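In the part that follows, the structures are each spelled out as structure tokens.
One chain, chain A, appears in both complexes that follow, with chain B as partner in the first and chain C in the second.
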Partner chain A sequence: MTGISAIGPALGFWRNVRVRRFAIQTAFLGLVAAFGYYLFDQARDLELGFDFLDGRAGFDISHQFGTSYGPNDRRLDLYLAGIVNTIRLAGVGIILATLLGLVAGVARLSGNWLVSRLALVYVETVRNTPLLVQIIFWYIAVFLQLPRISDSINLPPDTISVLPFIEIPFISFDFAFLSVRGLALPWATTEDGFGLWLILLFIAAAAAVAVRFWRAQRQERTGQPSHPTWWLLGTFALIAFLGFAIAGFPLDLDRPEVGERSYDGGIRVTAEFAALLVALVTYTGAFIAEIVRGSLQAVPKGQTEASAAVGLNPFQRLSLVTLPQALRIMIPPITSQYLNLTKNSSLAVAIAFPELVGVSRTIINNTGQTIPMFLIVMATYLLMSLIISLVMNTIHSRFTLETR
Partner chain B sequence: MKTKWLLIGVALITAVLAIGAIACGDDNDDDNGDTNANATQTDDTMDDATGDTLADVIARGSLICGVNDGVPGFGFLEADGSSSGFDTDFCRAIAAAVLGDSEAVEFVILTAAARFEALAAGEIDVLVRNTTWTQSRDGDLNGTFATITFYDGQGMMVRVADGITSIDDMAGTTVCVLQGTTTELNLADRFAAGGLDYTPLTFEENGPLEAAFTAEACDGWTSDKSQLAARRSTYAGEGGPESLVILDETFSKEPLGPVTRDGDTQWSDIVNWVVIGMITADEKGITSANVADFIADPGEAETARLLGVGFEGGEVADLGLGLDPDFMQAVLSQIGNYDEVYQANITPIGIPREGTLNASWLNGGLIYAPPTR
Partner chain C sequence: MTVLSRPAATITLRTARRWAYENLFSSPANSVLTVLTLLVIGVALFGVLRFAFFSAEWEVIVVNRRQFFVGRYPVEEVFRAWIVVFMISGMAGLSLGLWSKPGVRTAAALGILLIPVFLFIRGGEVAALTAGAVGLFVLSHVAARAVVEWRENVDLLRTLTIVSWLIAFLVAMFILGEVPRLLWGGLLLTMILAVAGIVLSFPLGILLALGRASTFPVVRIFCVGYIEIIRGVPLITLLFMAQFILPLMIEPERSISALGFSVPITGYEMDNVVRALAAVTLFSAAYLAEVIRGGLQAVPRGQVEAAKALGLSTTTILALIVLPQALRAVIPSLVGQFISLFKDTSLVAIAGLTDLLGVTRTVTAQQAFIGKQAEVLLFAALLYWIVAFSMSRASQRLERILGVGER
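== the complex of A and B ==
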């Protein structure tokens, strides 16, 4: 170093690190601004009107839940029915995928060789094949193989075969039917007094929460296990049942019957919905299982050892010590799996389940309004994703370790 | 050293983005001005091509015909690479009329979306690809439709075993339907007109739809009748094609025919009169087998004009299409009349000619030839 003069020829200003950073950031900002302007400029030429949503739809959609919109309703109404379908698919899917993921994730860490291998095979098979292929597989290879409607399976079965040649008559009360047209289940129809019962249910919920609070306080004060959750459920069930009697039994059982070409009465879980649900749940469940496994393994080993030392059994160790700590780690990645499940439900169009993308495609075909409709679809998914994220972030903040 | 590479990297990314932006810009311009772009293109080609298609085809020595490759019976690409079907036979007939050789055809396989652009851009001489004649295609897309070769329409396919004989028997049924421009709308209109409730199962692709229909997840399958017939002919479910029936009723109008570019009336007339000539030959009973007899002895004046021969010592009449007056001789001897083309291609897929709109007007259908004089 000594041989080199510190004061050499003046360095160019471009050798100054601050100048460079400023230049690079300005250039990047300029690019972003130019791209934004370009998009704006393109959009200006488009006539973006949304009036077509008020027009007569002209088509029908199946699988409506709680609505019966038809050709004479507005396109917007049918689109809303599509959104309802997406929500119920995603809602049920998220709950089941979480349960499946928890079980499979814990099973991966099981000491039982068979259980952990089975979980491994499930996770690796499902995680490494495309979802669309799985959806079509479940639909065509599993659910479409059910018998035709005229050969519907009675549930529970009329007879039970003990040995191949002995058949014992079983309770025969045509509770449910299963065929390629779906699973027909009894459903409740409301009668007078239902409103009163709803009010009583609300009171039951409030009372149950209060009782739970009291039991939880007691547990904290006395140190005695006071089972607040059981008390919560018990209180709710008791008041709900009494209220049901007080209101005069306001629900009637609507049993399905096998018609010539459709089921009459009851509700129907269709093959399309079932195939989608199973595909989405098993697919997302596999990813959640890996998250659960990783999160459990991230809990320090000392925690398990310490809980064993104070005499907790394996189930208590998991449910009281390791799982609550792992939750903190697993919620953010699980949130993104929930978002994936919701967005993946758009693949439903392949097997004729009319969720929002399926309905919007029909609207686009009929009106040619591709860009406005896609903007609406994007906005709908964005809104749903933001709501899921908001809920999950709220839950996460309650589990965050409070540090000072 | 590090910063130098960083700068080079930033410069490269900028360059890539800039190129990308230019490329995107071009794409979007095309997309936005869709129909307008087509119109201008057509105007350009019109200047070049007015009255020239015939000369171009003769100079080239072959006809370029836009066809389908996936509808058995209409336009289908065979395993050996050749095209076969009702539509492709009309291409061959036009080649026979213009060039005297029904094999002098180059088939260009086109998608539904690309067909009118290909026609407008002059990539093909004539489009014969299950194309429905509509006002906007005649107007906006600058096509000229020749005589209708096939009256198609949306229909319903059901299982014979279900005992459904008309759409009015279909109350409470489930119907499988493919997403299309108007398919779902026609279906809803027809069931509403009959006051029938039904459940649509709307699919995006034919594969899962056929699987659902085969598994009896739906009672009916609706689409254009030609498509239903093609699917029925290859039905692999229990009982095969015989277990399915396409109901007689047609609940939308889909008239199909050859299309040429606007602005070349001579060429449009040639295409039109080749089709009409084949229909006329059918009305007169002139087939590929007996055409030689009629050439030797036409028997009446209109047959003589059709075949371009003299009648009772009279002169050969030139009716002014710009072709040799005997152009139909090659068509009829190499391809045959309308009925022969129909029987060879469409009857095998299960749409008989008798009793449908595609029967001759002499038998109560709509296939009718204007007079040759």
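== the complex of A and C ==
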């Protein structure tokens, strides 16, 4: 027998994998702990705590939605108003960016050369310039250059210039107004009987679903095309309209009016909000367009060809065959675009729109409670990211289940 | 005669009409779409041209051109920036020649990009220097092409070029660093932040990605936590945090005292540039780590197993087997992340730095140019666009050369 043994005395305990793993991880933990302790030690004399949130704010924020907190309210209330602003920006932005992205992404693949080139120019221009530059451009160079409120632009315009030199007079509606003070749109106000109408709407929805089920059954039984979706929409619209009449027309159109310093009535969007929204939507829309294009291209060509052979028209091919399959691929990357949009809304500080980062910066300047405030801001963003991810994952799993 | 060569494209009235029919007027709906799009394009183009040639006053750009490119960098030190420009254009020409054969289109695109630059320069000395840089670019490119034609094997040259890019970065920082950091500005500061951010965050991102894939639970949890927290918050909060918290951590002339030990640290003054760079680097590393993780997952298990069977050490396996394949698989996303980082450097303007975006503020604050924000912002956007677009095109080229997705 030769003298080679597996567990030779020549190998020290430090060659043992377990010992090494333990040692390396302990060392790593020790380093992290030391760094953490160092930070904690530095921050010890700062008297940190969360009590400052209950203190009197002492400042005001300009854009509030449904609330009117002032300097005498708690800092926490103003911070919550900031969160509402972030959610408002992100919510509206996500919906509009999705629509724009879908349209531009489909346009990129259009057979029409002009349309696809136009979409390409849009995507490449917007994607390759910083969002912050775009936000500042929209705010300072576009929205702040609009006329004063007394010279508001009417929308739709009184005249339409088809070509630069030809102007066609147009009926003036006084429908919406645009000025340096922002955009004012008509909005609905509720009257008595609105509750009744809501109940009737629920009944309409239930009836519509039932009718759709019946038509789908019929189509399956007889083989006759029974248009379940059209019947669904028709039933809902009919009952909803009848209910609207029964409830005594409980909605009223609230048109905006040009006031002295601001608009009255309707729904009003300030120039800051509008600039942010336009910038965020066009920027994120360009990224979504690229995702939509990539996902549509990932759907096998045979699918389009087969649906064309079955006799579907181009719109049906897109909406019934390619897009549903592409949706499966595009939802995860679009989710991360939604998260980006939400985080990017913090760039609003550049034009002094008080969303949550802006408000927290004011609170930090007033109180000096940097670290606790940052922890709160981080927690807020993480919570919002988590909610968006959860919602999108649920949608994604539904799409994955429905298909093979 | 090659069989593969395409028939020469002769543009006749007939082919043009057929092209227009197929691409623009194939159906009634398509024709309507074409007309509507033409209207939109017409109105937009008219607005843009009217703005560019009639209502805009570009004097503000011409007068402040030095501000845009180098900010408050002292006039007598600007030659340092020129040295760096010459160095980069020479090496860029060399690299382009060594790695690829640019077509007529690339040359034309470069030429078109240079037109607005020369339009705004309008100065003898600067125009001469710019022309010199362009000339050096072309010359080194031609030289590199000649070398490639002459010698079949240029691998050694390519390796040398990659190494010399890294050296060039250090040399450039050394040359520019003679001027106090707070005087850096304009495109110069933007480029320094972007390049330094890329150079610093890339290794950090690799480490984080490896840490996330590590079998050590402690390391893995730490890396996952870091990546997810950083990716969950906007960059602007990190920039503010760096502004507020880094001074608490590292104060000049202060000793670190922990666990009873006291270690004096030399007074290292942390200015806003370093703070911003730290924030951008830490932020970008988390995103890069996620991209690289995707690449690590794309490397087949058999590669690592085969390397282990050959008796390679863990470090060697990572450096020679896993990472080259992982990184190559994710080049498009990596460059996309670098472009994001480049665009994100504009956020330092909120933190008070005068980068390319910050300069627009100082320029429009001048008495003579109040209200010229549109011109100034558009010019800044153009510069950003040129850099970002070139990066994305370079990435596509790199992808083709390395044959990503073909093997």
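Here are a few things to note about the model shown:
In this text, the second predicted complex is superposed on the first by the 250 of 404 C-alpha atoms of A that agree within 3 Å, B and C clash if a C-alpha of one lies under 4 Å from a C-alpha of the other, contacts with A are read in each partner's own complex, and residues count from 1 in each chain.
One rule holds for everything that comes next: a contact is a pair of C-beta atoms (placed from the backbone, for glycine too) under 8 Å apart; a residue touches a chain by one contact, two chains touch by 3 or more.
Note that the structure is a prediction, hence the values are computed from the model and not measured.
Chain A has more of its residues touched by C than by the other of chain B and chain C. Contacts of A:L178 after superposition on the shared chain: neither chain B nor chain C is touched.
In the superposition on chain A, contact of A:A240 is made with neither chain B nor chain C. Of the two partner chains placed by the overlay, only chain C lies in contact with A:L382; chain B stays clear of it. Of the two partner chains placed by superposition, only chain B is touched by A:R261; chain C is not.
By the document's definition of touching, of the two partners only chain C reaches A:V133; chain B does not.
Contacts of A:E272 after superposition on the shared chain: chain B is touched, whereas chain C is not.
When the two structures are aligned on the shared chain, A:W113 is found in touch with chain C, with no touch to chain B.
Contacts of A:A350 after superposition: both chain B and chain C are touched.
Legend: residue contacts after superposition of the two complexes on their common chain; A:T362 is shown touching chain B, with no touch to chain C. Residues 24, 34, 38, 42, 46, 136, 140, 145, 349-350, 361 of chain A lie in contact with chain B in one complex and with chain C in the other. Contact residues of chain C toward chain A in the complex are 23-24, 26, 30, 33-34, 37-43, 46, 50, 215-219, 222, 229, 232-237, 240-241, 244-245, 248-249, 256-259, 339, 343-344, 346-347, 349-350, 357, 360, 373-374, 377-378, 380-381, 384-385, 388-389, 392. Contacts from chain A toward chain B in the complex involve residues 17, 20, 24, 27, 31, 34-35, 38, 42, 45-46, 58-62, 70-71, 136, 139-140, 144-146, 148-149, 180-181, 259-262, 271-272, 349-352, 354, 358, 361-362, 365-366.
Taken together, the chain B residues at the contact with chain A in this complex read 3, 6-7, 10, 14, 17, 21, 25, 28, 32, 162, 172-174, 176, 179-182, 184-185, 187-189, 191-192, 198-205, 208-209, 211-212, 214-217, 219.
Those residues of chain A that touch chain C in the shared complex are 21, 24-25, 28-29, 32, 34, 37-39, 41-43, 46, 110-115, 118, 124-125, 127-134, 136-137, 140-141, 145, 162-164, 343-344, 346-347, 349-350, 357, 361, 364, 370-371, 374, 377-378, 381-382, 385.
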